[in-house]
Amino acid sequence: MLFYEVIDILGTVAFAISGVLIAMDKRLDLFGVIIIGFVTAIGGGTLRDLLIGNTPVVWMRDLTYVITILTTATFAIIFSGKLKHFRKSLFMFDTIGIGLYTMVGVEKGLQAELLPVMCIALGTITASFGGVIRDILCNEIPVIFRKEIYATACILGAASYFLLLKFSVPEAYAYIAGIIIVIGLRLLAVKFGLRLPNIYR
Amino acid sequence: MLFYEVIDILGTVAFAISGVLIAMDKRLDLFGVIIIGFVTAIGGGTLRDLLIGNTPVVWMRDLTYVITILTTATFAIIFSGKLKHFRKSLFMFDTIGIGLYTMVGVEKGLQAELLPVMCIALGTITASFGGVIRDILCNEIPVIFRKEIYATACILGAASYFLLLKFSVPEAYAYIAGIIIVIGLRLLAVKFGLRLPNIYR
Amino acid sequence: MLFYEVIDILGTVAFAISGVLIAMDKRLDLFGVIIIGFVTAIGGGTLRDLLIGNTPVVWMRDLTYVITILTTATFAIIFSGKLKHFRKSLFMFDTIGIGLYTMVGVEKGLQAELLPVMCIALGTITASFGGVIRDILCNEIPVIFRKEIYATACILGAASYFLLLKFSVPEAYAYIAGIIIVIGLRLLAVKFGLRLPNIYR
């Protein structure tokens, strides 16, 4: 369906841009910047596909991702100075992206006949591990392990989907509700500066 | 068999605790601490399953791991101040864990009809790469590459298993001997402060 | 064919040595040095095999790699002081290695019936991600993201192969041309100190 594809592309665009910008802060070379953009956008889906044995992984079977990411990276590099004016739009794309990616991951888990808990894990991995791999390649401790409410939103959104199904909500509504809950929680967390407690001895 | 499962759970518990404690030293947030605990416990088995194409990977097919790890992480976070009193018990679980995980990895290699050398590699990966992934996510050079006799014990224990089979020792005895040799070597190495030489120019 | 196998082994040798030398600079222990040598030599091919679902991954099905790498690592450790005299030969092996590994990756992509762009990506991954994993394990930002013309040579060589096929060049010639173009571009880049621009805001 067209709606789904548009959102998927917007999410990919937002993830790729976030990767490009972080790689530029690290002063990588052109190849490094593009690869970090690429990995940020497809890393989560790739790890998900590997874990469930869904190979060749998704971006190898569909040119859309490669084209979207290369185009995005090119524009992001050229217009990086201007991107700060679009920060809010980028944040919205990124947030919509994680909402959608979460439920895509859940769906793939269901197709692989996994238990709900595993589907929730797969959804969270799909939405957040591109950023983890990005941070590792840039030699940083992944930001989602340190200070952002991000994975937590994915987990709660994906869990809501299964909860709604339990209450006999039709599958399509529960799916959309899951996406909206991820997006809503992330927006609220950022608006009110919520974060998980840091844990130490 | 019950014995096997009990040891498997104890090993998982010990690995998860080691991950949680290291993540807490890094002052990660709640999500980060739990994920590092999770990855430490299942990272080695996951990499093993990916390398031989045994997907969905093991923790996705059996709720035991997720439940064990989440419960352990919760307790470890709450009682982290007290855990130092159990240091010896934790070290014993961990050591028993690597003994068992090594032979589980060897067994999976045999099921995949791999050569003994590859089975030894798989056993070592199963027992030690959770810790490698943990250290990478925490932005450290993996400790087993630097100073601990750990993988060496796994390699020698797994190799002993094949050696004993050559001398017509029954499979079950060789299997148990492999586990005991890994555990014994690790205990001896720690007791006598043995370590591999550091190599440099 | 013998020629292919000789080059494959020489490439593996060169990659393993590069890993061993970098691990020694980090003062890892014996196990760490050998593993970094191993991962540098087989990491790219392993990631490629995982992405296309070609499991067990290649080095698990053929003892040649393990034997070659262990032998190489042993010699490299013993004679590390002398290796500087062979720097030029090592660089040549390494360069021949990436040429060959690139086209091996392309070939595997074709066998998996992937699009040319994906085959080019697989070729580049095969030739360059062993080094990426090596650098991550050593807690460095991967060198190919920062300053070396390396992946770029792989991409252009692999792309030339498909371009030549378009112009009805016979497959075997195009294959060899691909290898030679990778090698030639890398040699030129090093000779003239060419590098990609670093990108930052």
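Quick notes on this one:
Order of writing sets the chain letters: A, B and C. Residues in each chain are counted from 1.
The criterion applied here is as follows: a residue touches a chain if its C-beta (ideal position, glycine included) is under 8 Å from a C-beta of that chain, and two chains touch if they have at least 3 such contacts.
Every value quoted in this text rests on a predicted model; they were computed, and no experiment measured them.
Of all residue numbers used where chain A meets chain C, under half belong to both copies. The two sides are thus made of different residues.
Fitting chain A to chain B on C-alpha positions gives a rotation angle of 120 degrees, to the nearest 5.
Chain centres here are Cα means. That of chain A falls 30 Å from that of chain C. Shared interface positions of chain C, defined as residues touching 2 or more other chains, are 50, 53, 136, 139. Chain B meets chain C in the complex at residues 50-53, 112, 114-115, 117-118, 121, 132, 136, 139-142, 144-147, 151-152, 195-201. Considering their complex, residues 23-33, 35-36, 46, 50, 53, 55-57, 60-61, 63, 66, 77, 80-81, 136-139 of chain C touch chain B.
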